[in-house]
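Once you scroll down, you'll see the structures, which are given as structure tokens.
Presented sequentially are two complexes of chain A, the first with chain B as partner and the second with chain C.
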Partner chain A sequence: MMNVRWGMSIDLDKCTGCGACQISCMQENNMPIFDEDSDIPKRVTFLDLMKVTNDFEGGKKYGEVQTAFIPKMCMQCSGNDPKNPHPPCVTVCPVVATDVGDDGIVSQIWSRCIGCRYCQAACPYEARVFNWWKPRYEGDFKQGLNSDVSVASRGTVVKCTFCSHIWKRERDRAIAGGETDINKVTYTPACVSACPTGAIVFGDLNNPNSPVYETRLKNDPRAVRMVHSIDQQPENERARRMRIKDYPNPKVYYLSSQKWLRDIISGFQNS
Partner chain B sequence: MNTIIEFVKTEWNSFSKKTKIALLVLTALVGLFGIFAIQILFWGLGYTDMNNTFAMGLWIIGDLGFVALGGGAFFTGFLLYIFRVDKLEPLINSTVLIGFMCYLFTFILLVFDIGQPLRAWFGYTYPNWGPGLMPQSMLTEVIWCLTFYFIVLCVELIPVPLKHKILDKIPVLHYTGHYLHRLMWIMAAVGTFLSFFHQGSLGGGMWDVLYAKPGWWRAHHQFFFMAIVAATAGGTCFMIMVPKIAERIMKKEVAPKESFYTLARISGVMFTFYFIFRLYDVYTMAATYVPMADRSFADTLGGYYGWTTLIPELLLCLVPITILNVKKLRENEKTLFFAVICGVTAIVFSKIGVVLNGFSVPNFPWRGFAGYFPTVQEWSIMIGSVATMILIYWGFAAYLPLFPHMKEQESEE
Partner chain C sequence: MNKLERKDFLKLAGGAVAGGLVGTTLSGAPFNALQWLVEWTQDQYRPTGGSETFRQGVCSACGTDISVRLIGDRAVKVETANAGCPVCQTLIQILYHPERVRKPLKRVGGKGSGRFAPVEWSEAIKDISDKIKELRAQNKAHTVAAFNGAHNMLAGALVERLLAAIGSGHVYNEPCFCSLSAKAAKLTQNSEGALDYDFENSDYVLSFGARLFEGWGNQARMHRVLNRWKADGVKLVQIDTLGTRTASMATKWVPVKPGTEAYLALGIAYKLIMSYGKGGNLPELGRWPGINDFNPEKVAELTGVPAVTIDEIAREFAGARRAVAVAGRGGEMVSSSVGEIIAVQCLNKLTGRMGVPGGVFVKIKNDRLGAVRQDAAAQAGMAATRKAKGLDDFIKNGEKPELLFVNDANPVHTSVFGKDLAGKMKDIPMVVAIMTMKNDTARYADYILPSLTILESKTARGDAAVAPRYSAKHGADIILEIAKSVEGVAASFPWSGYADMAALVGVERRPQGNFNLNIEVLRTYLDMLKKNLEGAAEMPLALIPYEIPLVGNGASLSLPYVLKGVGREDFAFERLIVKMNPETANAMGACENSSVKLKSSRGKTASLKVHLTKTVAPGVVAVPMGFGHCESTRYAEEKGVNPLEIMTANIDPESGTADWWFTRVKLS
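== the complex of A and B ==
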């Protein structure tokens, strides 16, 4: 029985915006290179490094403007009840090309996807991307492909899976080494291992010894979740709303000591 | 073969200059459709203006519009065969044909819209059914209901060509057509059941379940049933508008005035229901549903497609409500025609608003509203579809007994 619920915390005070997480993600997940990679709306990338500023409405004076970089990947939403997960994108798929696993990872079967993009419409984080063009792996690039990840094909939706193929590799290795408890298998996604400042931390949200223990993160005044302002509501209001509808309940926490940054990440209530 | 060529030549020469130009323009549009269809199917959706933010566009608006307006077929069939509103009989062939074409092109546009058209059959082989027979995905329900209803429409349409004077002389075809016609009430009942569900799913349910998107999410039963009422209101207007246009072009009465007035009266009532429903929907969105995401309804109506689609939609709805519910205005040819055009446009605006504004609403506070303008490929496939529908309708009107009333009048003369 899988008791682990993988999650992530990203300390934006430590993030320098170097982009190493994005590059390692693209390499690990066989992201193709397109002629139009500057065409951001059609770009295929699992991890987007978003630049934000406290002056997006204009009007700030010189010296007051602050900027930050927000690494944004799939938040592996679970809906209100993590024990009975209901991510916004999973139930809408007409062909069961996407599912949520015991460990809370939202998977995607690339060869099952018909490319209807309904899941893209459902995703509030724009984490799902579509292969608008035929992916090309030219020249030596082919030799660098990761054999654990399917290469993408044109006309399908692809997404971040917290590099769950690495978990599968580690699981097989642990079993071969005689390990019988699946919950003891740990791993590190590509973006986490590439971060030079240790801003991205990964682990089990359920485990009190984990660096991303969810109860501790929820009580951390520096922590917010992306566009999830219900977290800031009083307990009774939160309960009332959650009786009426599901909320994404993402598994990625952003830490920042800057209030303006926490405010704009957490949602629209202060905008 | 020579006979056919000879027939085509004779027919072509019998057309007026205006008809010839219209046919050439329509054929050219169909040609463009073909050229860009090849480009999209072989080289992918990169040639559209859709992107990872604006994941759906013109073709989905087309699908929503075609299905809602084609929904007039199920509603008219329901009124005629189940409620026995016999005055609608002269219009039924036309409504079935329009419904058939609307659904056919919904499928065609969907095939263009999906990234992997060769996997389109996955919707049948790997459907996302939940517990019991309830579909987990609204799109699964749409795919299945559309397919079954399309089959029903095919069966409903078969008797129309079989009544052609040449085919009718063949006994097997004559009796097939006759008995199919006798069984039509069953088809109408099945069609109503199926259409009821997919009208609600595609027009409403598909969007209102997206709980993480404040531009769309609302109570499921609310938007689902509103889409059904929209289809009955806009669809009936469309079923009046198309034969009325044919009437103006052919300069002949295609159906008795009484038939149009009866359908117009029903349409007026349905538009009144729709308008009340829509106002309630706007109120609940503003008061309850959007604020649950800590946003204001007014903020989600910014950009290019918010207020600019909602206000025209509501204003246009008032025209059929005013005209079609007043006997004097309803029975005036000019005001009737104006009202049905406004009614159809109102429903089209509502579909544009659902799709475009829903995708346009920013997901992050630091983002502005997204914009979308279809490329020449998208326009060509969309307009080419409409041109093909016009040509098919024209062919049926000119060579098959689409309007029995018109033939009766001709024989009387």
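== the complex of A and C ==
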């Protein structure tokens, strides 16, 4: 039985926007290559490094406006009850191409996908992308493909899976080494291991010794979750709303000392 | 023979069709066909498997240890373990790029036509060495020239050595902070090295437009430094015209009028001397009557920084235990005049921060290759060399070379005189480019010699992570081969391969406390700056460049994964974006997403898309660098515009490099 619930926290105060996480993700997950990769509608990436400013705040003048970067990947939603997870995308998939594991990771099997794009519409974070074109790996670019991740075909939806293939690799290695407790298997997704300032950290949300212990993160005044304004509601109001509706309850936490940045991430003023 | 009845015929035919159908169904053919249909529509490529191994290497871009994951003999991932620079992650794409030069290429079309045909190494080397021999025999050794890419340590040192042995001093580096600050150190500290700030031990950092976390210096080091600064509460004061990420990460962002960083430095120096008693460390500056022009009120007017802020910075800078003032505007591409670097260095001297922990050191090239043996032809050539001050000076004013080496550099794209250079290169009898992928400069070459990528190069510590591909050779090996085939030059190159030399070339940090202020250099610069800033009324806007992380000077745009990361606020729908303040847009009749062209006294850009943001000062337009390649693989070509084509081309008399930071423009 898996007791681990993988989660992530991203300290935006430490993020310089260098892009190492993004390139690392693309290399690890065999991102398709097109001649026109600068063309945004065609672009297929799992991790979007968004550049944001607080231009939108009225009354802010030149000299007060700031720039920040937000790395955004799949938030690995769990729904209101993490013990019985209901991510919005999994609920709508008619062919079980996307599912949620007992470690909370929302998986996606490219070759099972029929391209109906329901999940893409259901995703609150635009974390899913559709392969409109056949991925091309001109010439020797094929040599650099990771054999642990299948190449997605045209007409399928793809997304970040917290690099769960690396977990499987580590699990097999641990089992081969005689480890019998699956909860002792740890791993690091590609974006996390590439981050040169250690802004992105990864671990078990349930474990008090983990850098991403959820109870601690929830009480951190710098922490905020993406488009999840229910977090800012008082306890009883949150419970009331959760009885009415299934909220995404994502497993990625953003940390920032800047209020404006927390506001645009959570979609809620005064977060 | 019985006659076949119509009815029987139909029965037989029906039976045959039914039998055929049953047979086909049972044969499995429809299932196979369906399988093929699925495969054809999905058309999935399956990467080949193999056993997993890890090989150790070093990223020469940042000096970080890397671990390369291989599946069989394919390198699939570079692991950096929370260190390194973004370049480390792109190494696989560089290694397997389909447009890498695979064999030596010889020009077959007209100069600049970009048409090449593969030739054998022996043919290329013979042709090049024959040219060197011919020039030396004609007493024209000094007409050989070379351009080195920035930070190209070993191959760069060998190119310099090759030219010295041939008999020419015309070796020019693509400008970077090291080459620019080395000129300043030469003038003020009589040192042969570049400035090296001891960020690891500083407690107060005053940056004059150096975008420290956006490609400036060694990115891996700057990331480590950032973590230390955060942990130790080091104060970073960023003086910048644009609200860059570095400005936002700084403890304090001091917005400054475009191009006036040097004025602000002198204003702070004035306060340090007059109010904080630091004049004793640099009496020359205090004695200089011109310093009185930089009293806080005057500087506030020049720079837009309030007098009270100037006083506050001066007080903090004087009071900090380990403060350092950092010069070098920009990210990967730095544009600062020597005069401006000297103005900033004055602050370090005034507060006694030269050669002390947390202050500024000098980084000297540690070249143990030994003396070059020059024969008579080489000595004559060296005597005849009239060396230009720097790369831009050589392009603009230098004599036309007969043979030009371009070692991993791209001045046609990175110099403001790129177009002039392209024109001149058409008339140079032989141009030899050494690089992994064709770039804008290689287009005008006669020979392109393929060099190794980082993952294929052996390090000083051991073997390469990946075996060399195609028939590429290390840049230093190519130079060795050329040198060894020329009599009289070969004697200076006793090594058998680049691995023998890797440990012989390095840098060494030295504390150097001496500083002689050359007032004349400063005054000349200030006059030039004043003239440039004033400008004419018909050019009301200031163009200030910025760099996108990863893209930098544009060399990495040829990598699809880098292109995928370019944000929509920099380059969208095949259009480069110019950023301006809503106030500017109002005054100029532009709006979000409208198309404009920028016009300076040097020319006009192609159309750009407007993005409104208050990170840019009113009266300023900001354009990203690195775009607008004419030749740089199918991924980077014909994307956006290169703003350098219209940027200021005033050559700094000391560094011989154009100071393009500030350009007067108008919208058209």
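One rule holds for everything that comes next: the second predicted complex is superposed on the first by the 263 of 271 C-alpha atoms of A that agree within 3 Å, B and C clash if a C-alpha of one lies under 4 Å from a C-alpha of the other, contacts with A are read in each partner's own complex, and residues count from 1 in each chain.
Going forward, a residue touches a chain if its C-beta (ideal position, glycine included) is under 8 Å from a C-beta of that chain, and two chains touch if they have at least 3 such contacts.
Please read all numbers here as calculations on a predicted model, not as lab measurements.
Taken together in the superposed arrangement on chain A, chain B and chain C fit without clashing. When the two structures are aligned on the shared chain, A:V227 is found in touch with chain B, with no touch to chain C. Of the two partner chains, neither chain B nor chain C is touched by A:N207. Touch criterion met: A:I244 reaches chain B, while chain C stays clear of it.
In the overlay built on the shared chain, the residue A:P88 is in contact with chain B alone; chain C does not reach it.
Once the two complexes are laid over each other on the shared chain, residue contacts for A:R154 go to chain B and to chain C alike.
When the shared chain is aligned, chain B comes close enough to touch A:A122, but chain C does not.
Shared-chain residue A:S107: touches no atom of chain B or chain C. Across the overlaid pair of complexes, the angle with its corner at the CA centre of chain A and arms to chain B and chain C is 110°, in steps of 10. In the overlay built on the shared chain, the residue A:V65 is in contact with chain C alone; chain B does not reach it. Judged by the touch definition given at the top, the superposed model places A:Q269 against chain B, while chain C stays out of reach.
Here's the short version: in the overlay, chain B gets within 6 Å of chain C at its closest Cα pair.
Once both structures are placed on chain A, chain A residues 43, 50, 53, 134, 153-156 are touched by chain B and, in the other complex, by chain C. Contacts from chain A toward chain C in the complex involve residues 13-14, 16-20, 22-24, 26-28, 30-31, 33-40, 43-45, 49-51, 53, 55, 60-69, 111, 134-135, 137-147, 150-156, 190, 193-198.
On the chain A side of its complex with chain B, the touching residues are 41-43, 50, 52-53, 56, 77, 88, 91-97, 112-118, 120-126, 128-134, 153-157, 226-227, 229-230, 241, 244-248, 264, 267-271.
Of all residues in chain C, those touching chain A in their complex are 41-50, 71, 74-86, 88-90, 92-93, 95-100, 213-214, 219-220, 223-224, 226-227, 230, 243-249, 253, 255, 469, 549-550, 560-574, 581, 612-618, 634-635, 639. Residues of chain B touching chain A in their complex: 43-46, 48, 50-56, 113-117, 119-120, 122-123, 126-128, 130, 136-140, 142-143, 206, 209-213, 217, 292-295, 299, 358-359, 363-366.
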